[in-house]
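Please go over the structures that come below.
Both of the next two complexes hold subunit A, though its partner changes from subunit B to subunit C.
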Partner chain A sequence: MNYSGNILTKKRLNLEVREPLGLLAKTIILLVSVLFGLSISIFILILSGVNASDLWNEFIIYIFTSQKNLSAVLVQAVPLIIVGLSAAVAFRAKFWNIGIEGQMIFGAIAATFIATNDVGPESMRLTLMFLAAAAGGIGWIILPAIIKIRLDVNEIISTLLMNYIAFNFLLHLLYGSWRDPLTGFPNSQQYDTFENLPLIGWQSLNFSIVIALFLSAVIFWLFVFSRFGYMLRVLHSNANMAQSLGIRVGILIFLATIISGALAGICGFAVSAGIESRMTQSFFVGYGFSGILIAFLARENPIGILIVSLLFSILVIGGQSLQVFYQIPFAMVQLIQAIIVMCVAGSEFFIRYRISILKR
Partner chain B sequence: MPKITHQSHLIEMEKITKSFGDFLAIDQVSFNLTHGEIHALLGENGAGKSSLMNVLAGIYAQDEGQIKLNGNTVDITGPAMAKSLGIGMVHQHYKLVSNFSALDNIALTVPHGAYQSGIRDLRKIIISKMSEIGFDLDIDKQVGKLSVAEQQRVEILKVLLGGAKIIVLDEPTAVLTDEESKGFFKTIKLLAESGAAVILVTHKLKEAMNYADRITVMRGGQIIDTITPEDLSEEQLISLIVGEIIIDEPNLSKDIGDRKISLQNLQTTSHDGSIALKNISLNIRRGEIYGIAGVGGNGQAELASALMGLSKLETGAILLNGHGDISSMRPDQRRNCGLVYIPADRQKYALAGQLSLTENYAISGLLRHEFGSWFKVNSFKAFEKASKAFKEYDIMGVRNLNQKAASLSGGNAQKLVISREFSSNPSFIIAHSPSRGLDLRATAAVRAKLCMARDNGAAVLLISEDLDEILLLSDTIGVINGGSIVAEFEAPTARHDIGKAMVN
Partner chain C sequence: MDFLVFWLSNVPSFAAPFALGVLGMIICERSGVLNLGAEGFVLVGAMSGAGVLISLGDYPLSAIIIAGASASVLGLLFGFLVVLLRVNQVIAGLIMVFLAQGLTSLISRNMGWVNKPFSGLGRLDFGFLTDIPFLGPVIFGQDIIVYITILLYIFSFYFIYRTNIGLQLRAVGENPDAVDAAGGNVILLRFMAILIGAFFLGVAGGYLTVVVAKIWVDGISGGRGWIIIALVIFARWQLWRSIVGAVLFGCIEALIPRLAAVGVQLPQYFILMLPYLVTLFVMIWSNLKGNNKQDTPLALGRPYLREERH
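The block that comes next holds the complex of A and B.
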């Protein structure tokens, strides 16, 4: 053992656990990390041959000066908001719902079944489709939920695998009995006019935006004001404590997953009846992971989900025009999303720790 | 004992200052340690003991001041550096990988070459060390499945095998029984005599008085005095620590009523390394504290969780006066019958650190439908009730009720748990090590609350590994050993008899 060495260093980095930060400081750190992610993204885009002023034009000027582009952004934001909410509700109950896409598929299948089989009167058709979609989404999450609660089967695996079953079942329908008889394309027959969500009178914006805002308000109330939300917060913060205090943890998780599945199903309906006017074979692609990212970035906060969804949507719409005018692959949009998510995840570190340089 | 000469300071900490934000944790503190001594560091929670030791162990960097080792200034840049200088610390909250075996945990800090052969060598070294210092431990068991007392032994072994010459022990005996503590101090004496120096951070005055060569008392981030145990009486020492006198005298029930709860032949099966309960039968009366004494890991946790309905009974009945057999009820139903629970590990089972103080307090009332409807939580009412309770229970360090529960110190966190659990006027209280890790003042407050509940007619089951606590509070004492109650005593009882039953 060497006690006698006189060890002197001039400077060193020191890492300390911070006192919990206030909301303002957290927001600033979050914003800085988003800006940092954006600057990396801009750098990459410039490297791939888009010049900076074009980026400004595509992502800011063209979107906010053109009513058409702005409405396209809002239309695109709707399904993102709904899947974001779906992921947030499940995550609050510590249920990692990776099966949002599968639940969207079954939501759309249920809604399309109502539409193609003309179930119920025409005036009630959309309402029935909406309810059927919610039920379809629930139907596709109920099994993973039950085996998680009863048998402790990992829901990440079960919900993920359920996606594949749902996708192949969808293909089975679209290449089989549900193939569009008019065109022969592998998608469902087109919905009747009254089976589409009506336009609300401004550009291409349809009624699904109202649904998305309403659902956001409901989830906000659920999280912030209801007893259910309070119990979810306790469960999220300390599951052992929840159980020890007599909260019926199993039922709580079950209800949260049901709500999550219903929201995903409704999203399937919103895409099919709001944008595509039929059920296609790829309407759900990418929404599952987008939902997870949005819920994560928004810290499961419904208002945050509205904002993040809007930003994601701008990225998607702007990305589409980059694709058309600059031959930038759409994968670039996903890359940008990933960079921003990683920067925000990394910012957790600065929220928890303080770095200082000590001088001796 | 080697002669203490002031020339041979092993460690000198000079005018150390450390602050966290606006909070000055230690202020110009000078502290020294000589070869071969056991130096007790006494003080209440928040007095600055842990901060000072964390500076020594390289976990915090001091803002000002310097540390000298054998007269040479050293710059302790981190825990690894401290370790290489021969400074080892056993923290109050253990730093163990719970999925690893005890052996693997030790191998992590004290690697012995290649893993496979190293493990073989290390196993031999650990076993010989354990027999040398009288430790009993299954080193192949997962650490997460060991009792708290056993986990501590792993931590001590880690430090000893790491070759530490300066050993800092933060509240080492908080989780040990009398017998274990005696053996523990024998070890410490041995180590000190062989030239190591030991810093003992503790709340327990008796230990400091009996085993330390010198005692340093801290209060409010400053050193009040450094004395030798012969200089002062225990009472004088107490007043040094708290600035006033707190007296510990047995507080037994004056009015024991009829039978409130009767446990009949409780049996559980052992799984995940838990101890099976065997044929536990006992009765607790109204206005009585029934103390369960025993060495940690003999079924205490299993008994508590079986009573609260958190784990399943195989056979047996829990008869609660007025409610019949509650053994098949869910935890929420049992709570509705008047049961409440103060668990041993409050951070894990009783507090949601990321939620506010109000939310932590109001959750039990919420579940009793006291605060608004399903549709709308009446957070104003919850806030009012919480702030009233916080005043009544004298919970200090509360800046506002929206601060996170994680920011409370141990004593105040425990007061929060008790205020919540007592908010329903419970008729049967299960308290497991309720004063573990608390300072004198908080301990006195927690015990007073238990006595108050008892005086109001509640039946209390006090499970504690601290025999002093059992003797101070219990009207009847049962000794748990290997999952069964092996002896039962009426208070007052000789400490020796209980101790014997605990280790037989």
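The block that comes next holds the complex of A and C.
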């Protein structure tokens, strides 16, 4: 590729597709790009008035020396893992699910409906809430899925528009008939004790971590060992070939989106019944974007998703204390996530292409 | 009758940001670069416009130009990612949105621009022309950007369909190999298209704060960037159809405050859903009607590299 545009120049940059790099070289490029992104982020934080030594304290010392904070990281990682899985399943089917937040909202609405209307016996309540949340999430992705498969309507835009519709519907409920009758605040009434995910005996860690690990295992099995996962891999690498091989592409995409929607709905339940103990008007904020970025960074690999979610969670918990002590807006966390993903996405260029200087 | 006059006279100022944004998107996507970062560029423009008015003083027109310019700065980054580094254009576009959301929130908080009302840009008054019943306020009672937008459309129509560089722009979105072989500079063309497109998206954002809201809060664009992307698909990347779409959405958005004013009893949040529902409906409807594929720029979303030529 001739950037100078001038044939008479002595030297020019040449760009060619490389032979696939080894794992070691790939890892080094990945690490360098993450470090590069982190240093940009640290630079921005210092510009915003944070001491460099405090950063080390907030993000490393503060988190790894106290059991309380370590458990807070694990609790925060749960919804991130689930949205990461949700995004990954959809991406495997080449369906860009940007509507995770809307599906979380409807998952939480369905779960809260079960909780506030006391549907079913108390011992079954959490199970019912879990199933309702999955159904709510599915309900909110089904339209974008159908119009994508049938009419080829761009799912990025349709799922995103559904977010805004879901958000306004949530506000309609919370400022209307679902407002907390005790406090008058615009959130749902508090769940009963048996409607919250139980603690599992270490600090604030609750049962949702078990759900998240279980779901990761299921998705891992689905991707690696099942027929479904195999067909998804074929579809992912070449849609035309999948069609010619007799794979029913439409149904495959539909199933993947349904699973993705169900996971997002379950995440809404996990946040409401695992962290907030009620449905608030902002419980979902940022999870959709984080999910997409996590799935992208982890290359849709469930084990990678666990690792990246933990790292993002450290970022979130550290960011919360920066918010308290430095009034750094929480958007900073989102910004750091975006910067790191941008650097990693950019680094793929160096994995795929070789740049050389040609002399004429 | 009063209802109609109020409504119609408000349509242009609601339609203008859509028209400007779609214009930018069409220029960008005609060059074959899929731009899903529209919401991000709109946000950056909106914040910069408000920031200029709050921190530098009451210069509404400069504020709108700076809004466009600062969106172009983000466009530089986008161009670097998708044109030079050949990053997946979907991911790069989404990153632009996340980045802009974080960045605008951080900068506006640090600079103290949040929730500070300013006087912004008012409407023009052509004296007796504006006083003509019915037509006066609708045609002669708009702000200057509305008229500039119309001129921009006429100019862009000429530029895209009647000039050599416009032809190259369209060609590079259909068949970059051919442009390259004919001696055109694919990289440069795409980069320029991204910068110009980002500029107009930024102007659209600046219009939202400087003319419409006259205040900045986080996420003020409220998904208009995404509606703009949907409108581009509705318009099938053609300028004249995009005017129809922009005016349609201007009508709907202008109707929302009017409905409340005349006392129509509808739950508030259902009215606020309306633009998104209509967008969804329009997307379904335009895909039901016919095959969009033939109007989509052929190379849309595909990075170009000489070495990868077949």
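Everything below uses one rule, namely that the second predicted complex is superposed on the first by the 341 of 360 C-alpha atoms of A that agree within 3 Å, B and C clash if a C-alpha of one lies under 4 Å from a C-alpha of the other, contacts with A are read in each partner's own complex, and residues count from 1 in each chain.
Methods note: a contact is a pair of C-beta atoms (placed from the backbone, for glycine too) under 8 Å apart; a residue touches a chain by one contact, two chains touch by 3 or more.
Since we're looking at a predicted model, the values are computed, not measured.
Looking at the shared chain after the overlay, A:182 reaches neither subunit B nor subunit C. When the two complexes are overlaid on their common chain A, residue A:334 makes contact with subunit C while staying clear of subunit B. Shared-chain residue A:238: touches subunit B; no touch with subunit C. In the superposed model, more residues of subunit A are touched by C than by the other of subunit B and subunit C. With both structures placed on the common chain, the touch criterion links A:248 to subunit B but leaves subunit C unconnected. In the superposed model, A:324 makes contact with neither subunit B nor subunit C. After overlaying the two complexes on the shared chain, residue contacts for A:227 are found with subunit B alone; subunit C is out of touch. Looking at the shared chain after the overlay, A:160 reaches subunit C, while subunit B stays out of its contact range. According to the touch criterion, the shared surface of subunit A, contacted by subunit B in one complex and subunit C in the other, consists of residues 1, 3, 5, 16. Residue ranges on subunit B touching subunit A, taken from their complex, read 20-21, 60-61, 69-70, 72-75, 77, 81, 84-86, 163, 165, 308, 310, 330-335, 341, 343, 348-355, 359, 363-364, 366-367, 372-377, 403-404, 406-407.
Interface residues of subunit C facing subunit A in the complex, by the touch rule stated above, are 36, 81, 85-88, 90-92, 94-95, 97-99, 101-106, 109-110, 185, 187-188, 218, 222-223, 226-227, 229-230, 233, 267-270, 272-273, 276-277, 279-280, 283-284, 287-288, 292-293, 305-308. Taken in their complex, subunit A has these residues touching subunit B: 1-9, 12, 14, 16, 19-20, 225-231, 233-234, 237-238, 240-241, 243-248, 358, 360.
Across the complex, subunit C is touched by residues 1, 3, 5, 15-17, 44, 48, 96, 98, 147, 151-154, 156-158, 160-165, 168-169, 171-172, 175-176, 289, 292-293, 296, 327-329, 331-339, 341-342, 345-346, 348-349, 352-353 of subunit A.
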